[in-house]
Amino acid sequence: MSDHLPVLLVVVPLIAAPIAALIRSVRLSWLIACGASWWALYAAWGLLSRVRGGEVISYALGGWPAPYGIEYRVDAVNAWVILIVAAIASVATPYAYQSVRREVESDRVSLFYSAWILCLTGLLGISVTGDVFNVFVFLEISSLSAYALISLGQDRRALTSAYQYLIMGSIGATFIVIGIGLMYIMTGTLNMMDLSERLPAVMDTRAIPVAFAFLTVGFSLKLALFPLHLWLPNAYTFAPSAVTAFIAATATKVAVYMMLRFFFTVFGAAFAFDVMQVDLILLPLALVAILSTSLVAIHQQNVKRLLAYSSVAQIGYMILGVSLASVAGLTAGLLHLFNHALMKGALFMAMGCVMYRVGSVRIDAMAGLGKKMPWTMAAFVVGGLSIIGVPLTVGFISKWYLVQAALAAGLWWVAALVMVGSLMAVIYIWRVVEVAYLSPAPDGDGVAEAPLAMLIPLWVLVAANVYFGVNAGLTTEVATRAAEILMGVTS
Amino acid sequence: MSPVTVILAAVLLPVLAAGLVLFLGRWPNLREAVPIATGTALFAMIYSLMDVVRSGEVVRYSLIEVVPGVDLALHIEPLGVLFALVASFLWPVTTLYAVGYMRGHHEENQTRFFTFFAISIGAAMGVAFSANLFTLFAFYEVLTLCTFPLVTHHQTEEARNAGRIYLGILLTTSIAFQLLAIIWAWQVAGTVDFVRGGFLEGTASPLVLNVLLVLFVFGVGKAAVMPFHRWLPAAMVAPTPVSALLHAVAVVKAGVFTVLKVAVYVFGLDLMGELAVTPWLAWTAAATILIGSLVAFTKDNLKARLAYSTISQLSYIVLGAMLANAYGIIGGGMHIAMHAFGKITLFFAAGAIMVAAHEKKISRMHGLGRTMPFTFGAFFIGSLSIIGVPPAGGSWSKWYLGMGTMEAGQVGLLAVLMVSSLLGLVYLLEVPIRAFFSPPPPDSRRPDDVHEAPLPVLIAIGITATATVALFVNPGPFHELMTLLVTP
Amino acid sequence: MDDQIILRLAAKTLIPFILVFALYVQFHGDYGPGGGFQAGVIFAAGFVLYALVFGLRRTVQVMPPWVTLACGAAGVLLYAGVGVVTMALGSEYLNYNVLAHDPEHGQHYGILLVELGVLITVFGVMLGMFYAFAGRRSLDG
Amino acid sequence: MNILGHFNYWIVIVLMMMGFYTVISRGNLVKKLIGLSLFQTSVFILYISAGKITGGTAPILIDDHGEAAEAASHVLYSNPLPHVLILTAIVVGIATTALGLSLVVRINEAYGTVEEEVIHNRDESL
Amino acid sequence: MSTVIDITLLTFLAVTALAIIRTRNLFAAVMLAGIYSLVSAGLFTALDAVDVAFTEAAVGAGISTVLFLGTLALVGWEEEKPAHQPILPLVVVVLTGGALVWGTSDLPPFGVATNPVHESPIAERYIEESGHEIGIPNIVTSVLASYRGYDTMGEATVIFTALVGVLLLLAHGPHPRRVWEGDRWSTKWDDPQLQDEDDETLEGDGPFESDSPEGGSANG
């Protein structure tokens, strides 16, 4: 069975989704979702432990060898992303039970979990495949289910933000299709490895740079790179809490992965950075993203929105690492992929707990929660410290590598600006912490600590934030290995 | 007990004590006995490290490798032992004091207070024994964060604003400057492990090294070198035991300790002496000394005056480091201890006055010396130590610092030290003189039943005042440790 | 009312042909244009026509909404299931060669089954969507 | 020849851009979706154009499958792969449109309008 | 000859697209979009893509039109006049289009058999080998269901996802909200005019029924 692990990773959730939709019992469909995500985690770990040493797993779907059929291709890079997605899913799904019961009508919950699993399926499918058109198909599975999940928020603005996301996401996907089409017309192939062999011959045509540009714009839309991030704050703010925690921690990460895969594997770093000089665009955009959206985050009154803007800034950190186009920079970016998933997952889950008890996530609604919901707010503090980049949290590890990569590239001012971004994080996180701990609570609203079923997943993520901040050996090893693969460096 | 066990215990025992405090929250006497007992045991254990230091044995313990090449590690060296000795001695004393103070003041949330207090000590111990810049930075930040709840203890608007300034300055400087400097050092040198004589020499261009030194000195916000000193007066809204132990001893000394450690173990005195920016930093410290003293003059609030005095005195130590010679380091190191004992005595006294007479303003302390002779007597002794005159310990450190300026050929700096001492003479001694020799103001609405503070407070004041004098008679381990530090 | 009768009569005559045509499209897909997807759409169109002429309520009685969801799910499961079977038979996922003794027949069976899966899914989804939109105003049409 | 050889592509690009323009310039949510499907349909034409061989025929083997292999060498078939891709893309397109339309229906119920500007104003005033 | 058909159909498409942009009658726009699909289906036939043409006709002109009309029946038939002439979108579109024209200017010319797409071993294998590898004449079906059968499974999953999404949004009449009223749950229907995130109150801890018996699927 372990030979089939790459495909089983995707197919098991894919089979679970229709079953969950048909089952009328809320609990059973939730259990199916849990099972699917835990399976994914198991499979992801299996894949990662096989490719950690540098092995590449290739799986020919339908028995047709690449490039004639669709190939699943797993190396340390996507095994890493798959692990991130599966790990977050397997924590977020147990968490969802209570939260969803409170926020989604019970007669929709089965379908909700079906869409949830489909979203997971899509994200895993994108990450595991070695075929560019297959990317598009699974991208749409994850996107469509994400639009539907987001639209289920209680505020009516959930609908408009889902619509906005749908339009921008579809434009992005169509751009990607155009880019894939141009590449296909120039080479006649869709397999990533095959493309990477055939593209050099046609690199000096005009079509390939344009294909590159369209793919870059398409992925930037999907990963919410400034200034194409406009869909993200609304979507994260108004989606149901569990959905926000899940999607915020995974969807943009997978989009970053796709961008990496196309830049480094399909086109090759030499083309992307020496010919196209995409770093000249990405680096400034990343810096502007970090600074401007952190500034916007500082002024938010709704904490989920605040965290959403913070996400755009954090995506800036990842892209910053990518734009350095060095092993160190990519390591930083890939590390932050994982680390940011942990911290944002924890923060949004904490907000889900607040939503569950208080019914609002505005800052003024947090007054006195430090005492009333001590575990939830303590989790928020740890997650927040991680965002800030305090040592002994994962955020610090990311920052350490990112700054070091910037300094190694001689960009001391970039390193300094990264630090400024951290300081802005101090402000927006501490605004919340201050209100939670130093403002008196309104009397007698009977707010109590969130249920254990939500607290345990939340604290699993918090513990991971600290554990991987203290013992980053595994994460740095895999991220470095993945970065070396992308850069084509053999160690 | 092996040295490694001791340094591990030094970090962990206070944290365990914190857990126990939290657990025993409902039984106040038991709860407060925990830190006193732990602290005493801790002091005894750390004192046993003197032998290790004397033997010159290298003791390093790596807890965990965080990222490849960087580990969370502790080690034993003279400067750290000195800092740990001071902090561990004063912790139980301050706890004793806090028992009297907090109860006398009817403070709320005492369990939370004692818990974070203990954690802060653990963090300070971590700073003292850290074996590399990363570990140092980690504990430094933990110390910042754990003291935040103490600063904002009263949860008032004032406390909240103070907390913002406190955290704002300390985190800003540490993240924007210190962390950047640490990562930069790692980038150029490939290591962050403390090595006697430094590890930066020859790793980067002089320009980069100069920039690094500036980043380190200003990045240690806890050293309160101007213009990053505003957090210290702000932190005075905290209950007095916090001001006494943390903002006169543990937190601020963690700052200047870092500066000294960076000078000795990251740059090395030789390299420091060569860098163009070092004298400039010395003069920045000198300016802080003078301005701090002058501002202290204008403060009528006793704790504020002591805070500015602290700012001024901390820069003595920074100055010592920037002199880049053995005398400067010895003087700076000893001043960590001497200033600690002197200043804590002063803060204890200030708190005692607040508890017993509810007075904060110096201008309203006329005649109080007659009802509180013991407190004001101790205040007098503490003042002498800060000013640097016998028979108080402070005279030793000032002597060495003066020698250091001569050695460095900086007569101007010597003059600054002199002037500052004169200023101290005036602004500190004003308090006991008013208390003892002025009659009570006629409009005084002071209650008639003012008498000395509660007994635990007095015992604590007695201990620190006695120690201040004793350190003049015999500067003992502190002098020895610093000599060991500078003699290869 | 009279022309309604004519309409209904025409529809009643037409719908079976539409459904048969759908099946033709399905099974002729191997030889000419067509296949599961087109057949599914046409099949659904037959029911849509029924609903337009006879009203949603009667259509729902013939083909309840939950059946459409079940069809949508069942088709996907059938498709994915074929893959699982090939895997169980010791080959790659969706490698139809192992479904029969010789690869060519295996491919035939496999394609037949997965096209059937597509037909069922597409039929269910299209009709289900139509129900959802049309039912938005009221079930009585 | 070159101009003629690319004329096809260029009209397709004009079509694509008309759809794209409709999506990003129109305030009516339904119109946006019409534009989106216009955009996508035009991209399909780009793909299919690429698969065409002048003088070729639809990729359906004309002989009985026994002799298909030999037959294939005599007949020029257009490339089947783009067709397959576009079949998938069409389905994805309708899926997106359907989901978008159901969002529009719900937005209309929640706001009483499907004009972007009006919706924006209503939420601002909240 | 076929080039003439091509050009004619493409020109017709452009005119239709222009009309769609210009008209503010949504019914007309939907109908024109249907025509657009039909014409492009014709174009697909001319380009030898009969399967695609069939599907485009069924979906673009059929299902899609039905769904659009169903929506319009619910939301109204007229589009409002835009308040101002959108300049920015125009710039974006011109830039994008310009980039594409530039990029396609050295694309292999249309319809030439030596283009990489046709020379590629992949297409060659499909055309030459599928006859005996798969054994059915329609190569599109072979590729669709076998060579790239996994994509098609993804495609089936995509539309299933769409159904799930549509049902989540539309299956149960206007969005009801369940509110705990002290002793029991009651279903409240949103008043579109009165809803505010801040007003949302989720009262205390009500006894949720564990598995609602009526819960579940799409019985509309």
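Letters are used for the chains, namely A, B, C, D and E, taken in the order the chains are written, and counting of residues starts over at 1 for each.
Rule of thumb we're sticking to: contacts are C-beta pairs under 8 Å (C-beta built on N, C-alpha and C of every residue); 3 or more make two chains touch, one makes a residue touch a chain.
The shown structure was predicted, so the numbers you read here are calculated from the model rather than taken from an experiment.
Looking at the contacts, which chains touch chain B and chain D alike?
In this structure, the chains that contact chain D and also chain B are A.
Going by the touch criterion stated earlier, list every chain that contacts chain B and also contacts chain E.
Of all the chains present, those in contact with both chain B and chain E are A.
Most contacts: which chain pair?
By number of C-beta pairs in contact, the leading chain pair is D-E.
Farthest chain from chain B, going by mean C-alpha coordinates, please.
C
Would you identify the chain whose C-alpha centroid lies closest to the centroid of all protein C-alpha atoms displayed?
Smallest centre-to-centre distance to the global C-alpha mean: chain A.
When the C-alpha atoms of chain A and chain D are each averaged to a single point, how far apart are the two points in Å?
The computed centroid separation for chain A versus chain D comes out at 28 Å.
Could you work out how far the Cα centre of chain C sits from that of chain E, in whole Å?
Their C-alpha centroids are separated by 19 Å.
I'd like the Å distance between the centres of chain B and chain C, where a centre is the mean of that chain's Cα atoms.
Spacing between the chain centres: roughly 79 Å.
Centre to centre, by mean C-alpha position, how many angstrom separate chain A and chain B?
44
In chain A, which residues are in touch with two or more of the other chains?
14, 17-18, 21-22, 61-62, 64, 133, 137, 140, 144, 147-148, 151, 156-157, 178, 184-185, 190
What are the residues of chain C that contact at least two other chains?
Expected reply: 31-33, 37, 69-70, 72-73, 76, 80, 83, 93-94, 96, 122, 129, 132-133, 136.
Where do chains touch, given as pairs?
A-B, A-C, A-D, A-E, C-D, C-E, D-E
Please name which positions on chain E make contact with chain A in the complex.
Per the stated touch rule, the residues are 99-100, 102-108, 115-123, 125-126, 146-151, 153-155, 157-158, 160-162, 164-165, 167-169, 171-172, 176-178, 190, 192, 195-198, 200-202, 204-205, 208-218.
Could you pull out which chain A residues touch chain D in their complex?
Answer in residue numbers: 133, 136-137, 140, 144, 147-148, 151, 156-157, 159-160, 162-163, 166-167, 170-171, 174, 177-178, 181, 184-185, 190.
What part of chain C is in contact with chain A in the complex they form?
Residues 69-70, 72-74, 76-77, 80-81, 83-84, 87, 91-97 of chain C touch chain A in their complex.
Quick check: in the complex, which residue numbers of chain C touch chain D?
Where chain C meets chain D, its residues are 31-33, 37, 122, 129, 132-133, 136.
What residues of chain B sit close enough to touch chain A in their complex?
Of all residues in chain B, those touching chain A are 64-68, 70, 72, 134, 137-138, 141-142, 145, 149, 152, 155, 159-160, 163-164, 167-168, 171-172, 175-176, 179-180, 183-184, 186-187.
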